[in-house]
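Shared between the two complexes below is chain A, which has chain B as its partner in the first and chain C in the second.
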Partner chain A sequence: MAKTSASRFLIVPAVALQFLAIFVLSVGLLSQAQAQAVDAQKSKVTLALATEPPTLNSAVATDTIASFVLSHLMEGLLVYGSDGELAAGVAERWQLDADGATFWLRDSARWSDGKPVTAHDFVFAWRHALKPSTASQYAFIFYPIKNAEAVNGGQLAATELGVSAVSDHELRVEFAKPCPYFLSLAAFMTFLPLREDVVAHWGGRYAADSDKLVVNGAYVLDKWVHGAHLRLRKNGHYWQKDGVKIHEIDMPYITADPSAQFNLFRDQQIAIAPLDTGLLDEAVERGFNIEYFHTGSLYFLEFNFREGRISSNRAFRKAVQRLIDPDLLVNKIIGLPGVKPAYSLFPVTVKGSEKPFREEYPVMRVDADIAEARKYLKRAKAELGLESWPPLVMLAGDSPRALQEAEYYQYLFKKGLGLELRIDQQVFKQRLEKMRRGDFDIVVAAWGPDYDDIMTFADLFTSWNDNNRGRYDNPLYDRWIRLAQSSNDAKTRFNAMAQIQRIVVEDVPILPTYENGALYVQNPRLKGVRRSIFGGDPNFRYAWIEQ
Partner chain B sequence: MAISVFRFAPKTWGAADDLEAVAPIPLPSMANPTVILSGLMVIFLLLFVTVGPSLWRQSPSQQWLSQISEGASRARSVRIVSDNGAWRPSKKADAPSGLKVHAANTEYVRLQWPKLAGIERYRVYRGDADKPGLGLAITETADSYYQDRLQLSSEVYRYTIADADTGLLLLSREVRPEAAMSVFEAQLQGLIPVTNNKTQWVEIPGHPLGTDALGRDILARLMAGGRTSLFVGVVAPLLFITFGCIFGAIAGLMGGWVDQLAMRFVDFVVALPFLLFMILFRVAFGIGPGENGIMPLIVAMLVLSWPGSARLIRGQVLALRSQPFVEASRIAGVSTSRIILRHMLPNVLPMILVAFSFAIPQAIFTEAFLSFIGMGVSPPTTSWGALCNEGIKTLLSHPRQLILPAIFISLSVLAFNILGDALRDATDRRSGVVRA
Partner chain C sequence: MLSFIARRLLSGVITIWFIATATFFAMHAVPGDPLTQEKAMSPAVRAQLEARYGLDKPLFEQYRLFMSNMLHGDFGISFTQENRRVNDIISKHFPISATLGIAAVLIALVGGVAAGSVAAYCRNRWPDRLVMVAVIAAISVPGFVIAGLAQLVIVAMNNAAGKTLLPVAGWGSVSQIWVPALVLGLGTMAYLSRIMRASMLEVLSADYNIAAKAKGVHGWRLFWHHQLRNAVLPVVTELGPTIAAITTGGFVVELIFAIPGLGRYFVQAVQQLDYTVIMGTTVFYGAFLVLVVVLVDISYGLIDPRIRLHRGRA
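Presenting the complex of A and B:
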């Protein structure tokens, strides 16, 4: 596929945002009237949200919070099951070929107003998301579908899109090029169905309030007080409603501060809380059960390749590579179990043809070496013809961890290479804007996978990808990606990916630093909460409360 | 007889013709214990930030990666260890009979244990030996060995191996890692040359107040931070009080429409919101990313904080202007500049001093507050407020990192306030110290 990986998890500032969706419930030791983390009688869970979802319109949503809420409200053709495997959703069965896919929808699937979910709802939703007027940031994720790119660009009418409803219960998709990972795309947020009559009725205000949307998933949105409170209740029309054990998910707290969430958890007001460095010792001391999972996202330093930037010099990037030791960063500075040092563009969670990709194609590890780094820097100085080094600007996030990390780099650059590094701390939106404009030398960035295929990481640094913020342009890199995209053969694809992995180590378009792990504490009575990379995190669809 | 509330500049006394004159009233003594203590505290703080760094020669920005968030420590020698990243026990070595420690230093602890039948995954816990509980689960692994590198310090740890699936505890052992430093870090800190990695031991300095979350010496940071805080605390009031005094004096002396206009302008400035303007000044100054925000901070204070002193001085000057002794001087043909010097200045000077001494703690506090919310200094520069901001993240686990700078802010604000109080009492003749 041409462009890939949108910004769902793009540059997630820190643990706090990774956990965007955090819930809390008190265990209700006192009266029933009080908020309780988990209430076994009412089968209710209370959580805290990090922020309010900017929108619940699946065609335009991009963030982790919306993904979490939508994964409970809606159901796509396929879903992620209790173990994170792809399972049947609205589609009862399906068939995937090199040139297309066919999905047969179940009769029992219903919208929350009782109307059946039909293939037309999917056709409408996908055409709607691709319409230039919708301006969905995730439009590119449809590009494996025939004519999708032209429809999105406005050259073709939406009806030309390679998707059609053969009948009410049969959906036919035609591909523009082979897409062996289409099933995992079909479980993605932007591929969720939409009801044409409801979207047309509310227009731009669709999904702006709890009464302005219809859903087809396990829960309905019962209450939405903007900026303060969300509440989900079990959906009586859901075709699998007997399997939903948690009847109510209440989110009466919205705070991005991990300490505030931890205090709520400690007071048994919420059922799950994320942990950050400063809270870890306290959680251990209190004997809480600390859990972690690999979020699948990669943190890295991205260099700016625009004209006139020092960071476009390879010797300079090599010097930085020999200076920064991901292992040191992870173990000394971050100091959280579950966070892993990264040496490759592909995190260990990426699948290969049979085993994880990183086991099939181990990465070459470059060890930190100050003497080597200084040698490279000297070379860079000569190549650039510099008298002295100007200060470099490092664009970083505004979370406590991001600042700590940036101060560490600042010290390393000063002490190890004698370079002055200025830290430009920006809030998420402003940082994205500055990245887009190329207003940086080095940026601390992150990428979370959108769908379960290696390509979600690999094509990030192709010359045509909008999310290639450093404007890295390497014909060799592009060629390997094109090769992999035009092939349906696993061996060809993964061999090309191994080349990509090698190029990233040798040419250093980015310097991977760590693979993020999320630490959290959870109420021991709450079981079966799925923490996952894909399909909305955390997921309560299969959870239950122990008596 | 009525006594003027105003004082005159020093004059020679003793001529027989002014027997009627009142003897000069001595200033009330400032020598009470609280004031002396505050004075000493101010002197101590000033010495702490000026002389301190030359006595305690540690760089406030040096990050001792091997001593993250440690408590007080003495200077000591540590072993240099080279670490090669991943580790696995050699295949030839027999599986140990119990939990075996291959190496234990603060860079890595290498553990190996026998493979037990029926167990697929092991979970390794690490806890404080003197605390109950298993501690933190540091990893889950299918191998029967593990290398722990996660923020080790030289306290006694208890490692526990458990079955990850059933939670059954299998093996446990206490380990005290030896103080060590990696070759990379020793080279980075300049303790050993980059070409040499044969050195075995190096001396590292102690940290009397411990280190922060990046391994920086807290004592050195308090000195560096205090320098910024006190600099802003003294320079900003100096500027805005001076400006306010001149503005107020002009308004008071000229009177009439000038006074009206000036005072309406003062009202306008008072209405400006400080924080908003602070942000605007940063933008207007073109303070680029990562550059220091001290100058806009001082300018914002200068531009927005002067009205108080201007009003104060104007009121005093207005009152003085209509005093008989001033009128008498004027009728006697004394020049305006002479009147200002002889009559005005001596009478407003105490007020200026008092206003100044109260403005200092206010400025220190404003700087601390702005740095705390991230609007003040940028790293690597620091201030007490910025230190508090860093410390609050580790409040629960290392409260020292917040409490120490907070104590310094409180002490300095308190000391300057007490001094200001005493100064006001000492210069206020209306409070009953007059002996006729």
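Presenting the complex of A and C:
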């Protein structure tokens, strides 16, 4: 029995062995010369994308991936240069005044099919983005232009928009109100030109595939396999093509998993990979080239000011302000280098008239103080006429960090103030919907700047802003914003902003917690890649590969 | 047999209708809608979008329209990828999930049957124990951990070899299939080997097995004709739901190995409340599941004629 069973026993591994042989054979046959993270000969960089761009139509694109890809495919009137400052793009010169702006376009700017880029392409693109039927989410960014809001609301025809082509190479813009930051808008994604004939030809399918769009930037879209692969190749028609050192940007991987991206980086398949807390130690251990940049976004706790909410009581909000120490949160809970504690509505990256705003107008810091917090809480209880504190609802996102953060607040509220905080963790859309409905007492929220001006943060908590989810309504706040919006004078504007900064600290419509930073590893042979808050990130337009 | 298949197909159609209806109303009951975005939208823009997607109509009217379009095989346009049709998304990305799934099922089937048979033949000796420990590990360790570990092993291997023996991730060549397929099929392989072991043990002590041996049958013939064919039946029963589960449940593996399968679109659609894609993928997966179960029932009959006869009489 023992002998026969042993011989039968061999049969099974034999089958398995055959299988293994097929496997090894197929591996051996197919492992050809590997794709490399950076290839100096071909001047090629390989990257992974977190997600596929949902669309490459600049009129309706909203996400960071589309912004990254579009910033390489397209060029606006202005661009962000190698130093990260605004530089000439399609426009070779411009003039900005109180009631409008004029841009003179260069003759040498070409579309990828060889046709010249003209002022008409901009006029068409902006009108197109503002048409209600286009339903562009970024339509509001055109509102400083005359009649833009009415066109977007359908009250006026698109031809009434305050933008016109004086000639093929001269574009005139009229403002509805002073807009000293219009040049940075002119570098924004939604302000990119569009070719009327190409958009009309493809209709709703415009920019759905690599052969359904025409571009005017440093690269052309050479390949787009949905969900799997994008490849950019240097554009031979680009007016500044000699300055483009990277000839090919290949993105054959699409995965949102940081570990997967990190493993690809370790295997030298991709040139850049993001780091999270879990991967940081390993990256340090292996001596990788770790880099950091400030994403420019602010994280904060937003209070609900709707009728009957405890959070509409100022003393209560002051108690929360005195309870939470952003420094402790950043260092003990988040623990990721690059993330900075926040004390102001305006992150340190926001520009002032000459220096960063926060250097020109330092924020008055209110430090955590548990005795003060309890004093405020007692006052709040008296003012609200409460017998005892009901549990409060904190709405939070579903990321591990959001949960960790919310649990930390829960612990602080209980230990410091004896308050019960219920965490309502929701996936993205449901959280947004609950924010819109006002279904929370406090929400863990964030804001990333849209354009390079302090107003992108400042007008967030005006009574008329739809993104003011807590419905904070302070006439004084509104008045300072209106004053700043009606002025072209830097001093007037920034003085008003200093008042806004003060109101946020004193009245606590929100409690800033941290400014976000991003850590990543980068192949040491890849140089000159710009990480930037505005204009598409990362930027390979000025990058090169070291031999 | 024919009436059996017809009955199964009919109940399948009812199942799919039920899935579609339940999903439709559950999805609309969730707070928010596909148009909910980070940036607040102006009422005019929102109205335009609602009209474009028919969200301005009463819910039952939307349901009626959806059902009518579905019967014409049209699931509409994705909300998040505005210029892609749901039918396109399914037809482009399901074959990828299916390829991965079939490779995974093959690995699981061959591996599971082999490991289970080895364990049964060597009952209570070290190969048995080894297999059973591996089984417990493969069942209890979650897929994303195994996927991550597999990548680490590949990275270490490639680094040691100084060239790419196996790709870490990506899709497009045959060599990119095996590792994710193995990871995806591992849990199933473990499960199948347990079933196979139990079933094979029963066969080994069955009268017909002893009779066959007494007749002088041995080696391959004994294993193939008398033991495997009988012992493999419970495994085949499991195969239907397994194929469906593996082909539709590869989300994590697809994410980690950067594979553009349908699983990713399905999960993203749910997170993004992309109504049209949710409905398209759910109905498609439902139909696929029903089809696989019917096919397995038929193949069951082919392997064991007794079942066909029995069902035929019933």
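Simple rule for what comes next: the second predicted complex is superposed on the first by the 515 of 547 C-alpha atoms of A that agree within 3 Å, B and C clash if a C-alpha of one lies under 4 Å from a C-alpha of the other, contacts with A are read in each partner's own complex, and residues count from 1 in each chain.
Note that a residue touches a chain if its C-beta (ideal position, glycine included) is under 8 Å from a C-beta of that chain, and two chains touch if they have at least 3 such contacts.
Remember, predicted model here, so these are calculated numbers, not experimental data.
Using the contact criterion defined above for the overlaid structures, shared-chain residue A:L328 touches chain B, although it does not reach chain C. Within the superposed three-chain model, A:I290 lies in touch with chain B and out of touch with chain C [touch as defined at top]. Counting the residues of chain A touched by each of chain B and chain C gives the higher count for C. Of the two partner chains, neither chain B nor chain C is touched by A:L86. Of the two partner chains, neither chain B nor chain C is touched by A:V505. When both complexes are overlaid on chain A, the residue A:Y408 reaches chain B alone and has no touch with chain C. Shared contact residues of chain A, touching chain B in one structure and chain C in the other: 259. Interface residues of chain A, counted against chain C in their complex, comprise 4-5, 7-9, 11-13, 15-16, 19, 23, 26-27, 30-31, 34, 48, 52, 54-55, 57, 60, 62, 132-133, 135-140, 152-154, 204-208, 225-229, 252-257, 259-260, 263-264, 266-267, 269, 427-430, 432-434, 436-437, 439, 465-467. Those residues of chain B that touch chain A in the shared complex are 61-63, 65-66, 68, 84-85, 127, 131, 133, 135-139, 149-151, 182, 184-185, 187-190, 194-195, 213-215, 288-291, 374, 378-380, 393-398. Every residue of chain A that touches chain B in the complex is listed here, in rising order: 259, 276-282, 284-285, 287, 290, 325, 327-328, 331-333, 335, 337, 365, 367-371, 374, 391, 393-395, 398, 400, 403-404, 406-408, 410-412, 414-416, 421-426.
Taken in their complex, chain C has these residues touching chain A: 30-34, 36-42, 44-45, 47-49, 52, 80-84, 89, 92-93, 107, 110-111, 114, 117-118, 121-122, 127, 148, 151-152, 154-155, 158-159, 163-175, 178, 218-220, 222-223, 255-258, 260, 264-265, 271-273.
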